[in-house]
Each structure stands twice: as C-alpha cells, then as structure tokens.
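Read from first to last, the chains carry the letters A, B, C and D; within each, the first residue is number 1.
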Amino acid sequence: MRDITLGILGAGYWGPNLIRSFAETPGCEVRYVCDLRPELLAKISKRFHQVKVSTRFDDLLNDPEVDAIVIATPAATHAELAMRALSAGKHVLVEKPLAHEVEAGEKLVRFAETQKRILMVGHTFEYNPAVRKLHDIIRDPSFGDIVYLYSRRVNLGVLRQDVNALWNLAPHDVSIILYLFEEYPQYVSAQGLAHIRKGVEDVAFMYLEFPSGRIASVHVSWLDPSKDRTMTVIGSRRMVIYDDVDPEARLKIYDRGFEIESVMSGLDHADPSSYTYRVRPGDIIAPYIDWKEPLMIECRHFVEVIRNGGVPLTDGHNGLRVVRILAAATASMRQNGRRIEIPSLVKT
Amino acid sequence: MRDITLGILGAGYWGPNLIRSFAETPGCEVRYVCDLRPELLAKISKRFHQVKVSTRFDDLLNDPEVDAIVIATPAATHAELAMRALSAGKHVLVEKPLAHEVEAGEKLVRFAETQKRILMVGHTFEYNPAVRKLHDIIRDPSFGDIVYLYSRRVNLGVLRQDVNALWNLAPHDVSIILYLFEEYPQYVSAQGLAHIRKGVEDVAFMYLEFPSGRIASVHVSWLDPSKDRTMTVIGSRRMVIYDDVDPEARLKIYDRGFEIESVMSGLDHADPSSYTYRVRPGDIIAPYIDWKEPLMIECRHFVEVIRNGGVPLTDGHNGLRVVRILAAATASMRQNGRRIEIPSLVKT
Amino acid sequence: MRDITLGILGAGYWGPNLIRSFAETPGCEVRYVCDLRPELLAKISKRFHQVKVSTRFDDLLNDPEVDAIVIATPAATHAELAMRALSAGKHVLVEKPLAHEVEAGEKLVRFAETQKRILMVGHTFEYNPAVRKLHDIIRDPSFGDIVYLYSRRVNLGVLRQDVNALWNLAPHDVSIILYLFEEYPQYVSAQGLAHIRKGVEDVAFMYLEFPSGRIASVHVSWLDPSKDRTMTVIGSRRMVIYDDVDPEARLKIYDRGFEIESVMSGLDHADPSSYTYRVRPGDIIAPYIDWKEPLMIECRHFVEVIRNGGVPLTDGHNGLRVVRILAAATASMRQNGRRIEIPSLVKT
Amino acid sequence: MRDITLGILGAGYWGPNLIRSFAETPGCEVRYVCDLRPELLAKISKRFHQVKVSTRFDDLLNDPEVDAIVIATPAATHAELAMRALSAGKHVLVEKPLAHEVEAGEKLVRFAETQKRILMVGHTFEYNPAVRKLHDIIRDPSFGDIVYLYSRRVNLGVLRQDVNALWNLAPHDVSIILYLFEEYPQYVSAQGLAHIRKGVEDVAFMYLEFPSGRIASVHVSWLDPSKDRTMTVIGSRRMVIYDDVDPEARLKIYDRGFEIESVMSGLDHADPSSYTYRVRPGDIIAPYIDWKEPLMIECRHFVEVIRNGGVPLTDGHNGLRVVRILAAATASMRQNGRRIEIPSLVKT
C-alpha cells in the first residue's frame, strides 16, 4: 500500500518536531516542507535530506500525490491556510488553536464536512498517556464526584507577537478540561495583564463554571521564574495532581478527603449542617504510566484516520469548542472580568 | 520593673501557641487562660503549671494587674470580646481577622483610640523574617517595578464551621500583600465553591486590582491534597518565589526576565510594539534568612509596645484594611464574581 | 497507683526534649533535672515550673521515690553514670550510645541483670512509626529478598567535641539496620576524614557485610551543605526509600525491579548467565503512616516496662550490639579501612 | 576546505547519538555507520538517509577519504578496534572506557603516538558546561580548600552483560574527579555486589585517597529505584552540589561552613583543639549555566583537533588514567575491599 504523503507548512518553532515525528511514523512520507523563510528551509534540508523544501504553498497543493497538509504557522493564519488546503482536496492537521475567531472556525468545520476531508486539530495533550490515565482515574467510582480543577501553565518563555498568553497556552488547558470533564462550560470570566507588550496579555486567569456545578481555574503566563505545568483535580473521595514536568511521577493520586466525624447531639441527623468532619488521611500513589511521546501518537492517529477513515479524536468540532471558550474568555478579559455566558453548542 | 501581665482567651487550636510564646517572652507573665471548655483548661493546667485557668472572662477583666487580653476565640466573637476588654481598660491583641464585619471593626478601632488602649491584630506573617526580607527584595531598585503577585494557600486542613476558607486563610495573604505593595486595592472580584458544607466556601479565588495597575491573585482552600504556601512576585527585572514550607529556601530570587532583543528594521525605534524580546536568564539565589519564630517576634512586639508606647506594626487600622477587603470579596463572591470597588480608605 | 518518678541527667541539647516528653507521658512525674551548669538549670526552671533542679547527682540517687534515671550527658560519661544509677537501685534510660567502649557496655549490661533493674537505650528510631512500617514492608514476601541498604545521615550540624561523627550519628543507622535486617553483621570496614578538628572525624563511611550476603553502606557527616536523612533498601522485587525529612512521604515503595526478558537461544535454560533482563517498571506508593512522635512512644514504653515488667525493645543487649559494631568500625578507620571481623555475639 | 569524513562503529545504544551529533557538527560528514546487526543498520538508514551502512569494518578503513573512526561498541572490543583504526592511519574517538585492561590501554596510547594520529576518549562530562563551571567554582579562592567529594550515579537501568556497574558508570565519576581535583589518587578501595548476574557487580562503592589528603567516594548502581546523578564537593569555606538531572539548578553553591566561635579560656590560642566552632550560615546560589549539549561540544572538539592539530582535552593519557584507577578498584573489589596502591603515573 502506498504511503500517506504529507506536506508540512511552517518550519519555525514547532514544525521541526512535526517533521521528525511524521518521519518516524510508519506508513507515511513527509514529501514537502514549506516556509517563507529560506534560511529555515536550508536548516531543514541539512537535517532531513529526503524532504523537498519550498517557499510556495502551491507546490504542495498542486502535487496530486500529497494526501494531507500539516499546518504549523502562526495562529492568525491557521483558518485561511486550512481552507486553501481543504479546497485543494487535502486532509488537514492544523496546530492549535483551530482558528482565532469563532466564525472562521465554524466555516472551516463546515467546509471540511462538505469536502469530506479530515480536519484534525493538534491538541496534543489529548494524546498524552498521562492525561488519558488521569481521565480514567477521575472517572473511576473510587474518585467520587469531580469537584473542581485548577491548572497552572507558566514559565519564562517565548514571547509571542501574534497571540497573547491566553491563546498561546490555554488551548492546552481547555482541551484537557473538556476531555476530562466531558462537559461544556456555561460561564467564563477572565482577567489578564499586559506587561511587556501593550495589548498583548502575558498573564491570564480564567475561571470556568460548568452546568454540573464544577469549576475550573486556569492560570497561564509567559512571565514566570520557573516552569510549572501542574493540574490538580479535587474529587469528593480522592484527589490527583498531574505534573507534566515530573517524569518520575506525572500523576499522584492522594487517597484523602474529609469524612463525617460525628453528628452534633440533639440535632437532626438528616441535616448535613449538623455534621462535623475530619480529615481522612491515606496513601499517595504515583501510578506507572506506559509513556509514549504524545506527538508520535497524534501523528500516527492522523495517518491511520486518513488511511482507514473515521473521526479523529481531536476533530474540527473539538477544536471549535476550544475556540468558542477562548473567544468568550477574551470578551470577558476585555470587560474587566465580567462573567460571560458561553453560547450553547449547536452542532455546526 | 513589673512584668506585663496577660490573660489569654481561647485554649483551642491557636491558644496554646500563644501561651507558650508569651511564656517564653521576657518581661511578661501569662496569669490566666480562659475558655468555656473545662477539658481544655485541664490540659493547659497540666502543661503550664504556673497559669491560672478560668471559664469566666470576668476573672481576667476584674484583676487590676492584668494589663492586656489576648483573644484567640472563634472569629465571629473577636469584635465583641475585644470591646469588653477595652471597656475594662485592657490592651488587646486579637487574632486575625480583627472582626467579621466592617462596622464592628471600625467601632473597635475608634473605641481603642478613645480609650487610649493598644489594639493589635495577630497578622503574624508581617513579623515573619522571610516576609520582611521579601519586602526588602522587591523594594530594591534591582527588582524593577512590581508587576504582579500570586499566592496559593491550600491544604487538607481543619474544616472550620464558623468561617469559610476565605476568612480563615486569606487574611494572611491580604495582610502580606498590603505590607509588600504598600498600596490599597481599588477593585476585587472573588469566586468560591462550597463543597463539604452548604454555604461555607472550602475554596476561594480572589483577584485584587491596585491603582498602580498591579494585580494580586489569591487561591485559598481547605480541600487540597497537599500543603502549598507559595507566593510569587513578578518584577520587571527580577522575580521571587516565597515558599513558606521550604525551610532551606523560603525565598528564591530569580535574576531573570525579558530584554529587548532588537528593533524590527524600518520601524519606529520609539515604538515598543516594534521590539522583539528575548529571555534574559540568570542566577537563582536563596538568601540566608536569620530565622526567628514569627509568633515570638509578634509577642515580644506586643509586650514592648505596651511597655514603651508607640503604635504596633499591625494595629487596628491595619486589621481593618484587611477586613474591608475581605468583606468586599465576600460581596463579590455572593454575586458570582462581580468586580466590586473597594470603598476608599478614610481614616476611621 | 503512684506515678513513676524520674530524674533526668543533662539539660543540654537533648535533655529538654526528654523533659518535655516525659512531662506529657501519662503516669509519670519528672521530679529532678540535674546538670553541672546552673545557667541551663535556670532555663529549665523557667520553662518547667514543676521540676526541681540540682547540680548534684546524689540528690536524685538519694531520693527513694525516684524510680528511674534518664541520662542525656556527653557520650563518654554514659557508662559510668549509668553504673552509679543502677548501684543506687534505679532503672536507667541512657541516651545512645550505651557506652563508648565495649567492655564498659558489657559490664553495664551484666550489672543491670544482677541488679534486676531495667537498662534501656535511647535508640529512638526503633520507635519511629516510619521505621516500623519500613520493617513491615521489607519483611513482606512481596518485597522479595533484601539485597542491600544504603543510608546517608549528613548535615551542617553541631560539631561535637566529645565524639566523632561516627559515634554521634551512626548509632541511629546501625540500630535501624539491625532492627530491619534481624541479622548481625560479620565484617565492617570504615574510613573517615577529620577536617575541622584533628583526630575527630567529621565524615565517615562504613560498610557492613552480613552472613546472608547482604550489605549496608552508611555515610555520616557534620560537614554537609544540606540535611539528608535517607535510607534506601533494595529488594529483589521491590525497593523503598525512607526520607526522614519529608513529612508528606517518609516512605516511598517502588514496585520495580528487573525481570528475565529471555533466555538466549541455544543456551542452557537452567544457566542464569544465559538470561537477559529488562526493567520491570511499576507504581510508586507513599503509604500513609499513622505518625506519632518517636520520642513520646519511647518515653511511654520506658514507663510501661518499669510499671509492668518485661524487656524493653531497645534493651542493654541491643545497645551493646551497636557499640560492638561501632567499636569495630573505629578500629577499621584507624587502620585505613581494613576489613575487620566483628566478634561474634555471645550473650553477655 | 574539505569536510572531515567519519565512520562510526556501533549502532546500538549510544551510536545513534554520535551519528546525530556529528551530523549536526559543522565541517564534518558522517559517511559510514558500521555494525554487525543488519536490523540496526536498517533503522539508521531510515533515519539518516545520507549515511552509508555496512557490516564490514574494512569498508570504512579502506576508504582513503575517511579521516577518523568513532568507536561505540561494547567496552571489551574498544582497544582492539581502535588499534585496527590507528593501523589504517585513521584518527580515533573511542567511547569510554578507553580499554578494559591497563596493558591494552598503554599499548594503544603508545601506538597512537607512534602513528601520529589523534586518540581521543569520549569522557563526555569533561565537556559538560556544568562540570566546567563546577571546576571554576571550586578552584576559586572563595571556595577555600577542597576537602572531599562524594558522588552517586544510580538508577534502574540497562543491565549490561559485558561490563559491571563499576566499568559502565564509574568512568564518568573518575574522569570528572580527576578533572576537578587536578590530582591523581594514591589509594583505592572498592566493594561491590553482584545480585542479578553472578560475577557482574550491579552495585559498587569506591573510595579514593589523594596525596593531598582529599578523598572521593563514589557509589554506582544499576539496581536503584530512582535516578540520582549528584556530586557534592565540600570546601573549607563553601560547598556545592551538582545535580545532573535538575535542569533548573544543576549547581547549587552553599556559602556555608564552620567558623571558630571562641577559644576556650586559659588554653593555648595557637592550639586548634581548644577552639569551639559554630555553623556559618549563608546564601544558596544556583548560578546560571550557559547550557550546550556536552556531546555536541565533544564532537566539535574532535573535528577541530583533527583539522587544526593539538591535543584533545580527553586524550589517550586521560583515558588511560581512568582505566588504571578502575583496574585497581577492580583488584580491590576482588579482595573484599583491600586498600590498593595505585601505580604511580609514568608517562607511557
């Protein structure tokens, strides 16, 4: 069977990772890498001898053997470039976020369906074995109810010019939260701070409220002394910390919580306000995770879906849900943290 | 010279620490411990042979040799008990918060001034050598401008029945922030979650905005797998992490930030939006802190101010500022995080 | 029933901990504290009002109501002072080490038996709930065989003048190792380094070999930048790290090891040298430990044994075994690490 | 100028790293990769399109354009393969250890000198920016005298069949220690434990004594629950911890030590035994390290020395010193830790 043939757009920060990963994915060939900057293409050529480089997107679109286009360009260009690729009959894997505006994202999703092409978004963390294990842990009855989640994704990092820290970093958190909660939030409030560059927030706090009563709090920043990639999920019977930068213990399950100590005498036993509580201590378990590089899993999934059909785990609708939430958060941020109702999901 | 003579109210969670600390403070005598629960008093007697115990507050108030009353009772009773002590002509050290309502706090502050008695609030962290060093670090020109601060004060802790996590834990954060920023916030928004007990928030997020443009974000919780007591201050030239539970490195100064990498060619050099930035890496320094127990410093300070006169570092006004902010935060929490303007400070 | 009455010898570094702990132990009374330094006794009086202080040991020995003497003086004086106490018919709890020389220790153990008095040694770690849990873990069949153990007990600490770091710190390690291994070592080699004070080793490395083939390696030092109190036990099926300064996870069980991957083709299946092995990864578990202060457990045990009879967990024989091993290690250290056979145990 | 042309021997564990690193080194070409296992060569071909693969060493030796051979085969084969490469007039970079026996190593060093070819050993850590910074720190007068060093290099790792843990892991420690101390040790003692495979030590402890009185203690193991790569250097005025697996703080300098507190009255002031000491606390500094991948620096150095002449930092003599020490340690291990004098260095 013929290899799935790919063209990759964007040889900047993330592009080389995609090239390397697809190059090591069985059953596919990276035929082209396209970028406007010849000096980056020269580097690619030196490192990946087998790949053709070009500064013209049309070279990729016009090659009838190219099955799919992988887009790793600045966020603002995602929607337009993906439309061109779909128009040329190519499948598309676009880096997160799917689009920078809800309308563009909706159009893209509809067009992919019309064209019967696959549209997949690079929400890598949904392919992360630790995140998948986390899902299983908090979905297990032993965890009790999911009460709330908070996440911190900060470091002293690349200062993007095209997007703020919310659009750059929070797509990860939002995609993970939707995957874990299996629920769509109703309200969002967000506040941010633009220190380095006027109008481009380096720091953002986002607060999501879900119909079930759960909440999720997200803190993202480029302006932080040290790298922190932690997410804590509080359940009514257990709690778990996911630390993405601790390879020895990415997940730690705390078998702890509160238990009813006693019911105050003379009070109604059915009335929870009469209870007193005590801490229930317990073990901490760092479960073994059968680790594989998430990007490799994602690349393999894209190739398999192209070959065998089916809907990608992180399809266009998935990507669009993230865009809707970030767009609402942005609106909240522009109004000093006003709580905003997120438009309910109607299948696009 | 005669020892300053004290009566301590409340032998519960915090009381024994106060008894022990004052017992080791030179120039003072703990004469009474008062509590409504005889079984607690029995324990106190066994541990502190020299102390008289009583279930009647009046025993303390009526002893003319008692100079001062130390109040470590549930928060809701602070204001009233402090009023009684002041009425009896005693100096007062009241545990945080000063009061549970702004009006009660204001009345207390005014009454202490009328009575010419010392009213001090137990904002222990303002006596903490690490917090004082942190103040010096971020006030030093090498730190640049203070951009923002975030704080996390969470653990699986004592579930209070009388107050929520905001009033229980955040007085520490607010008192530290006011001390560090030397500025009074203009707006507050807060959201919370009452999981265990209806109407009593276990978890709260608070967001403070200051006239200078600085912000402070505070996360407090009783419902967390592990103890976290960290505060991060971001400056324009340096950053610092304060970790209260790391005795080896309570403070870590990161000599890091962003620096202008270049000005894009052809653009206006005076226009910051044309700059590109790069990370400026640098050393991490954990400065040596000459550690003394904060509560011991606080107790010594109270005794000294009684003896020598002067205004305590954490006087009634200080305590009232914290109460105002928490009251506004509570109002915000009751309105789903609506941003609330904090009444400007008029000297009470 | 009358309280067990105690006299405590030594008000220096460790003495106050013993006073406080016995003061909180039910069924006993600390009647005397004795020390040659009046300024230390003055401090004791201020802190423990109920205790009589004296500079004369005879005051304690001559009080017929004193049941037992607790010795927390410099190590070199232990044996002699304990002999005097036993001679006066008192039970004795002596801080580790039991004695500084094997002969003195043997004499002491024999004399206590003749006198029918209890002789207990303060090997606190054998009362430590984490050490007791560690014992259960490595004795469980799931742990496989105990292969080896290594321990590090270092910090920048009190520089003793009377003993070197080996005699000051390693009694803890040796007592723990004997308790865990339930086996007496056959050979010891040790090397050390006297940097600060000539002839007094600040640093020592000790290597113990057991008849079963197990080994234990111990590193102790006063001359180290940071406090490390870790012990690692390697089993054939599991491994465990005991970190005494990590209150959240004093023990971490690693369910990991090697497993046979395959037998090389054409080779004898019964011959282990033909096997290849692979890592068997697994969970990490930090079991909940029902923590109580070890010294409190030790004090309670001493009082109970006096009252009810029986042999203390850390009796004189136990203390003597530790002295024998340290004496042999010292001999090795004096001979540049020569491997020395430890005299086999004959019940003294 | 023509690129330096390389052939790499060994496509197993470490080989691919060398291929990748040389491929990214300017001014050189990896022309051949040679291995006896065709399935490994197939993988290399897929990943590095530009490289020729072969199962015959002679293909590399017979190509007159090949300037140098890089040897990454099992340790036991190093010396023989390096001899063949030198005989063919090629420069040689051989992975550590240089040889498995002193005689073979000596012969190799002499032969390289006769042939006027470069013989370099892959002691990568001497090119590690953290190790180089560590050297500067401890050589600075502010560090005082270097007192002693201890190192731990343990994890649950690849179980080698050809060498024991000492020969597999300790070459790193020995090469670092020689580089840091700038001194050759006089005595070595070592003990080990062969748990998994008879006669192949999984665990080893090595103790080196230097003419200056310094000591170095090294613990290596394949049989450990978690990865530890730390080295602590104690100086008379400062101390430093090098943690190779903590990218945020590879080095931590502790500005701490002991200082003379007082001289006991009535004693000779010139007599150090009359001093008492106290801890001098101080800051901890994690200096910024301008990190570059050590293997990249090493590869670049090899190419430069071939091109421009000169002696490599880690030349054959350097490699031979490490072999001598490990051979003596092995002899000690075979004699239950007997202290062995290391033959003094005579220039080979």
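The criterion applied here is as follows: a contact is a pair of C-beta atoms (placed from the backbone, for glycine too) under 8 Å apart; a residue touches a chain by one contact, two chains touch by 3 or more.
Because the structure is predicted, anything quoted here is derived from the model rather than measured.
Undergrad: Can you name the chains that touch chain C as well as chain D?
TA: A, B
Undergrad: Once you count every C-beta pair in contact for both, which comes out on top, A-C or A-D?
TA: Result of the comparison of A-C and A-D: A-C.
Undergrad: Centroid of chain A to centroid of chain C, CA atoms only: how many Å?
TA: 52
Undergrad: Averaging only over C-alpha atoms, locate the centres of chain A and chain D and give their separation in whole Å.
TA: 42
Undergrad: Could you check chain A for residues that touch two or more other chains and list them?
TA: Within chain A, residues 226, 248, 284 contact more than one other chain.
Undergrad: Spell out the part of chain A that touches chain B in their complex, as residue ranges.
TA: On the chain A side, the touching residues are 147-148, 150, 156-157, 159, 161, 187, 189, 191, 193, 195-198, 203, 205, 207, 215, 217, 219, 223-226, 232, 234, 236, 239-241, 252, 254, 256-258, 272-273, 275-279, 284, 336-339.
Undergrad: Would you pull the chain C residues touching chain B in the complex into a rising list?
TA: Per the touch definition, chain C meets chain B at residues 23-24, 47, 49-50, 226-227, 248.
Undergrad: For a test of understanding, state which residues of chain B touch chain D in their complex under the given definition.
TA: Per the touch definition, chain B meets chain D at residues 248-249, 255, 281-288.
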